[in-house]
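Only one structure is covered here, and it is reproduced in the block below.
Chain nomenclature is as follows: A, B, C and D, assigned in order of appearance, with residue numbering initiated at 1 for each chain independently.
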């Protein structure tokens, strides 16, 4: 199959294929069934697979995520949808204290083949309580993996890989990506789920990002190119583990590091990226790395301020221009 | 007053004084009252102030922390004790979505003079679910402040300052510090709550840490001194905000940065410290910064492995020795 | 009930409906975006309950709270400006539709994480209890919110410590697209209060007079130390869950009769796709506004002219609110960083 | 009941007590540290319930779970070695006292965050339901755990979807130092199940025969599709909450009579400081072991010699378990990193 698809459609297809192939896969979450999913990701599956395998839940995040953990312990492959990542704060005990720790605490007796999907990020005027980013929190948890696809192709394959994996995987979907389009080609051999990908080759600086902001970085790179600044853009695709080799290789020829994240800057995901690469490539770096990140404020409702609170294309360009390039 | 006190006694005194001075201060948490507190911090207060102001709660972390938020909105000064930080995962909605965001979302109409105290860190064979560190998660939340006292003197003053503050403050107490001793001198003018303190002057490298690990860094520094390595040791005292000026000043004469944290290394608190100081002092640094941090694994129950999972004095020394010093 | 009181309530219900329908219109025009949860159909709940509250009582609400603020006395223009995200909004444009706060009126906020209203309410109640004041806290929540753990935790504490809280369930039978029989094992919410020894009752939330009378009685009891109480109000929302939801999961037959959905007989394909407007529903179903209007007219407490005048006044008020919102400036980043963001405020760092 | 069955249960209760008292001893000697929550006094609960379970049933427990594992069949030496943190422990030294897991015996783990057992149990139950198997899940929890939000959330889901879960409340009247009247507005835990339409009952948790018979009946019903059930067992712990807790908040008079504390008459200063030992309490109070022993002797199902022999066997078994634990090697960091830490395992990263 080779077709243009929306990001949500790619996810929908991945779920459909996984459920068709493996009866141990089931979905649960608020309004995933009869209603078809807030962002349409589970559309059609309730009618096709029935209410037991596509289960509408009450508003009980900690418990239905924990339900997924319990079911995974006995060999099911639950895909839990937390309607949006904002409600994941209520389910962190299930994710951190159960899913991530049981395999270890049990001395390896149990695996947790669980996927927890969460739409998230700053969307459009959803205000402070509905604009949570949680990358940093989840990255710090040993025992989890985190996938952050930015394209329909990755959305499809990484979700299939996540469902096949025996480890608990957090699957972060950006709310503003659902209606982006791209080619879904199921014949292309997918990269391993945790491998980063160079989305644009360049020689002057390395821009590292993930999820929706990869698209903004690519736009920025095109404009920078017109100014003679040739940026390499890396899409991490996975925040845990991070494919450091791909990043370090890039720095070997660019010598400049720019990290772009939507997370609040202070102790955000970018801090680990910068620190690790500084530790590893200190003498490769010509200048101090730069972060372009979310502001350290709760997200304002006002549309202009909301936009100002997270990196825009212009911010990325401005940051890239702060490096001194050899002329 | 100038007396030797345990860390827990210093906290106990701070609570007692604050309650005596201000009737809007009240305490709530599990077993803080009749039982006297798991780590004795609230000992004697139930008898003195009565059950309404020293309230024993059911095991309902999210709701009693949220209760603190509601009471703070109408001018009370609640001090919530979450019995240990491990249970704070259940209360993060109250902390992050309520306490930290209400002042902002309300356009400044409400302040939240709330203190949430949490014993935490890796103690002695408490296993994976009871060895949570949560610095990184809380640091990323705009709207919170975080105090991390390492001495009885700081424990006393920072708690008094936290109770007086109109902002929500997370007060992290390390479980292995409660029975450490130090001089409590209430006549010494305290530093501002967020100011870092140089605990040891030195010229070869800057070691930055906080809470219990400051004590380990000081021990390491003494041993390093015998080898001719003169370490400056900075106690951050506050993780949000961080007093960057004190850190940067130190790097200006040491040119080497070692960050010691008990948090898991990947996306831990050290990542922000290293990144920020690298951004700010890149050309001051002679070498790549080094982190000595917790291992990225759930905490093993076995005592030896538990010790191996977090930085020990020897690890700090070994890391300091990895720098090349001018001879 | 007094004529004057009936007029006040009717006026507030009409204002509420007009405000919400206009908000929908402004949203569709693109004057703001985000989640917009509207209240048409449920007006008797907010109006009946809040008209029973004293200025010294506190109110805690959800994201579906424009009407609660309006009835509490927050000027319509300050609410509309907030929906527009403007500087003259009640939260200076920082909160928006789901987060209206009005400290002056003890309006403790709209919370958008389901289940947050309980802990806030018991917290305010705890403060009242410590201060020994004759004040009550009104805590609103939906039928879906009953299954959040905080309901259980907070009601237990409210009962244990006899906190002065009136828990008000706005039971509109739906948690977004999930009908109550599919989200709750016990669908009479008031019965669940027995697990905490909290007295409770269910009444018709479409009848504003009963809602108001009952609430008055309960608040009096609570203010004088009677402890918490749970009041379940049966109601129905005429629109979808939010502007993003056409509400198509509700069979037309249900929408027209407000009966609860029979989970067995409803299959996805039976769902009626042409979702009716608020007016269409109000015409066929029991509508709280129609009910009160008829009642007042029958009792001779309302004449046609008065009603027309009211509607006219309201139309003008809402127009003015929109004009006000449109003319209000955008808040600036500096204001936002300096005034509301505590991380920038260092002076308090004693 | 059959003689053989009574002997088995008595033996398990004696083993349980001996194991726990020895664990306390080894702890005091410094052979391990951390939190150690012991079970003396409550043996009839774990023994009565678990003896009713089939090998195909699942068990989910709390941090106070050594006895549950022991009764389920995990060898005492594997449990003791786990307490010592050794490689031959049932979790290879990674879990410790609060986190015993035994996958082979469908022993789904000891959870140390209060309230975690409910979601795990309904998760396992959901899997059983999907697979349409005649299996039941037994979910243990304490009286204090009832106030955690997950109780409410999970029981609602269990009821909604008729999951095959037996919720077993070990009501020992205390949440650490907080007596049940001070933590729960409704102190009959079984009554709280009505909020979810879950049938429930309370029985004497000191009487192992009744516990066992009741559980057998309930599990049968659950396995054949009867839906969830809540069983409350009244019991008492003879020791403090954990080794760190001398239990001095319980008035001596209560400890001796197992009556519940009267919250009004108890002031901090009245508390008896000399906390009695397990043996002393067992002597004066209703002790499940004494009760069963007397019953069996009265019915002629147990002679003195048999009892002595049992005790002898058990003493030897426990000695051997300690020897085994002492001789078991420490796990290495490499094992710990490679085998149990998924972040190191890349092969599955398809």
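Methods note: contacts are C-beta pairs under 8 Å (C-beta built on N, C-alpha and C of every residue); 3 or more make two chains touch, one makes a residue touch a chain.
Computed from a prediction, not measured in an experiment: that's the story for all the values here.
When the C-beta contacts at B-C and at A-C are tallied, the pair with the greater total is B-C.
Ranked by distance of CA centroids from chain B, the top chain is C. Taking each chain's centre as the average of its CA atoms, chain A and chain B sit 30 Å apart. Centres computed as Cα averages put chain C at a distance of 46 Å from chain D.
For this pair, chain B with chain C, the centres built from the Cα atoms lie 41 Å apart. One simple way to say how far apart two chains are is to compare their mean CA positions; for chain A and chain C this gives 35 Å. Multi-chain contact residues of chain C, defined as those touching 2 or more other chains: 91, 93-95, 99, 111, 113, 147-150, 152-153, 156, 160, 182-184, 340-341, 343.
Contact with two or more other chains is made by residues 57-58, 60, 62-63, 86, 89-90, 93, 97, 104-105, 127-129, 142-143, 240, 295-298, 300-301 of chain A.
Considering their complex, residues 62, 86, 89-90, 92-93, 96-97, 100-101, 104-105, 127-129, 132, 136-137, 139-143, 240, 263-264, 266-272, 274-276, 278-280, 282-283, 285, 287-291, 295-298, 300-301 of chain A touch chain B. Put simply, chain C touches chain A in their complex at residues 32-35, 82, 85-86, 91, 93-99, 111-115, 144-145, 147-149, 175-178, 182-184, 244, 249, 268-269, 330-331, 333, 336-337, 340-341, 343.
By the touch rule above, chain B contacts chain D in their complex via residues 30-31, 34-35, 38, 46-47, 56-60, 62-63, 86-87, 89-90, 124-130, 295-298, 300-305, 308. Residue ranges of chain C in contact with chain B, taken from their complex: 58, 60, 89-95, 99, 101-103, 108-109, 111, 113, 116, 118-130, 149-150, 152-154, 156-157, 160-161, 339-343, 345-346, 348-350. Against chain D, the residues of chain C that register as touching in their complex are 147-153, 155-156, 159-160, 182-186, 191-192, 194-198.
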